[in-house]
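Take a look at the structures below.
What follows is a pair of complexes built around chain A, which joins chain B in one and chain C in the other.
Moving on, here comes the complex of A and B:
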């Protein structure tokens, strides 16, 4: 798993949670909340989808790591089982 | 022999959901979509908890709590149910206040409320702007001890009229008072102010039917007429955990329970004190139950019509707003929810549901004779007030009936017949439940903010996420030894 591939997976999840949002121009280093209409329930949905689709558990104390696409990739990439090989 | 309402169910489930209020229904749906095996049990013959309806002779359909919810429901329904249900959500634009202090017609959103506060109530525009912005920024984990009343005094000192304009509708929405924490007001008020008040076109019956269809599609086993008597537990290495439930006298095994019952029912009756630490039991007992409601249901004879007098009409004869007056047995404060034919587009019928806040003990202490008399009085007073707006309404009514906190207790089993859950401290008990008894979760109207249609649906999702995590870990732990081999 590369960071770019990880970002793609996060964007896939967001596009399902917020289908009305235009995700083509997301700036990775800017907070998602500042670019998109996402509320705390949407972030909870991201956590649930990561568990469902990729068996990744994000403890409540780490929710802050999901703030931007860049911080998501930084935090999540090592959690994918095959990331050592990538 | 009595019919077996549990006929054909499995011996074991990942999760049993107790109660089918919006929190229980949504929790069940989310858990099923996460791949868990779910059984939903409802003791009543109809799903929905307080989000329900009933029919009466003459073709009347009465909605219990479809008064109006914030726009956030569109998103939550789309995400946790489906697009089809979300597409039936429409705005109610006729919100009216009629009391000795002011008469206001509003669309109940930030822009229109700001306009009224500035033009009708003559509040300085920057104060209004600051009020809305500050409230929007409130979080439930904020550590503030300010009450709603104190907060109003900070922005609008000496303005009883402004206080009433801001507080009255929210008091009807969630039973909160001027003495409750300001954040409980700020969060709920901001949700409404976002875009206004919305309703479900088609009525509660269509909504709940569509939810039941979705549950079925996602594999949830739903059973009505089934009362859960007990949550079963055992103890492993000093840790208590859920092992099942007893329902209609039968044992059903499960790894987790989502209780959509009241939090006090959940801890003190369903699980029982023996499963919790003495401190936790003491804290649970100390949780204050929120107020309750009375309702008067007025059915308009087939063929008759009513003029449009607004969708939600807040009326009161009280000179100023007071949280105590609002729940008094003889309160003159009542809200009329007007259901015109466009509520159910395939119908031509009108109904009126008049809601009053109430105190359980006032009603529970009445003798049977007094109880009937008080119900008659409630109906009579409500029709008399309605006649101010629709002078000939009395002759058009062919069904009238009242519900009280005793009715709510009968149908929902809620502790002390509450219609609004608990005061703020109940939320902490609800959230700490699984740490006390592994596998036991609660998602019902609690803590004022997790109340109302949007609050309970979202809380159902928040708690389902925790349950999903728990069940996921449990399944992985069970599967792990095999994976190693």
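Moving on, here comes the complex of A and C:
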């Protein structure tokens, strides 16, 4: 798993949760909340979908790591089982 | 052999139960919805009678916002349930009115564009408009989804802004009729939810009515892997060590679930518990019930001369009195719905519909012998439609009779029978349980008595309770 692939997975999740958001121009360093209209219910869904689709657990204390696409990739990439090989 | 162990059991396949079920099934919970009736929908269902399908409950779906408007309940619910907006195929209303006075002396027109109502108030209540705008700001700023807000009287809060009792009553009338379980007053949080739902957002309806909404929900639930048992209500919730340990079904079967979400109402749920919580139930049982008349016409209501109104809220008295009537029905106020008057995109409903809703007294309908009950229905049908027609353009009696194909009517007794709500109280208990908690650790409430109102509110209630009590807990 590369960071770019990881970002893509996160974007896939957001596009399913919030199909009414335009995700084409997302800037990776900027907080998702500042570019998209996502509320706490949506963030809970990102966490839930990560678990459902990729068996990745994000404890509540770590929710802050999901703020931007970049920080998502930083935090989530090592959690994928094949990351060591990538 | 039916497997009888679930992660979550949901009591009732209404809007809230189905929405909770979709969330839970989507995230892999083994969930089953138990519904006593053969049709889903609860308070917002449909029935067939003499070959014709009727919606119950739904006049209009509130909380309508046009595509692209985000952050409102409708958008949240679509996202949470992974429903594409197109699936609900919502058609916005044409226009609605609040009409007061024995001769319709004053009327406020409103549409899905709030500016219309604002301009009406500015024109008809010029001394109130500035404070009215401040009230709207307060409504917009209020956190209406807080789970632990303290109840405050809406009459008191609104009274700080509006000094004209007529305008105050005209604002309260639609909000109360479309969701208030309390007599005379309303909790301010509920007022805010309804004000946003009706005035700041608006009315819409799918061409096919409530059936379409239910079909979408059922299909999502099925696709997510949720189970559902129809004609199989929950008869008892057996308590053990502060938990709902087992559920006994109507057919005598027993099932167990780690968590139980009940959408059947607070008092109704307390009475299902074994041991039953009778005192708690009695202290928080709704008193407000309704009758509704339905007239099916062989033409569009507009072509009879009734105009373009979608919904008309009316009252003929000096003060609007939203309380349990002394008589069987209170004819002084009510709601008219003409479901033909939504923007169906060039299409029109095949038949005309004219519906009238008035407050009614459950006890005075409940134990009538059958022949007297039928006679009462006939009499009040005539009275209620006659009362409501005072607030529509005059239509010749003979023309209306000639255009009428058939009629039907429901009463507090019908509501009790088909929804299980004690006292036929559509809007449930006067005191809402916002966090959904009960005396049992793993038993929660969702739906009407959790306190998010309207169809959209009901679905959001199911979503919120599933998130808050089940999914969030398990995400930790």
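Assorted remarks:
Criterion: the second predicted complex is superposed on the first by the 86 of 86 C-alpha atoms of A that agree within 3 Å, B and C clash if a C-alpha of one lies under 4 Å from a C-alpha of the other, contacts with A are read in each partner's own complex, and residues count from 1 in each chain.
Criterion: contacts are C-beta pairs under 8 Å (C-beta built on N, C-alpha and C of every residue); 3 or more make two chains touch, one makes a residue touch a chain.
These figures come from a predicted structure and were not determined experimentally.
Judged by the touch definition given at the top, the superposed model places A:82 against neither chain B nor chain C.
Counting residues of chain A touched by each partner, chain B versus chain C, the larger count belongs to C. In the superposed model, A:29 lies in contact with neither chain B nor chain C. Overlap of the chain B and chain C interfaces on chain A comprises residues 17, 41, 44-45, 47-48, 51-52. Interface residues of chain A, counted against chain B in their complex, comprise 17, 41, 44-45, 47-48, 51-52, 55, 57. Residues of chain B that touch chain A in their complex: 30, 34-35, 75-76, 79, 458, 461-462, 465, 468-469, 472-473. Of all residues in chain C, those touching chain A in their complex are 26-28, 67-68, 70-71, 75-76, 78-80, 82, 84-85, 463, 467, 471-472, 475-476. Chain A meets chain C in the complex at residues 16-20, 37, 39, 41-42, 44-45, 47-48, 51-52, 58-60.
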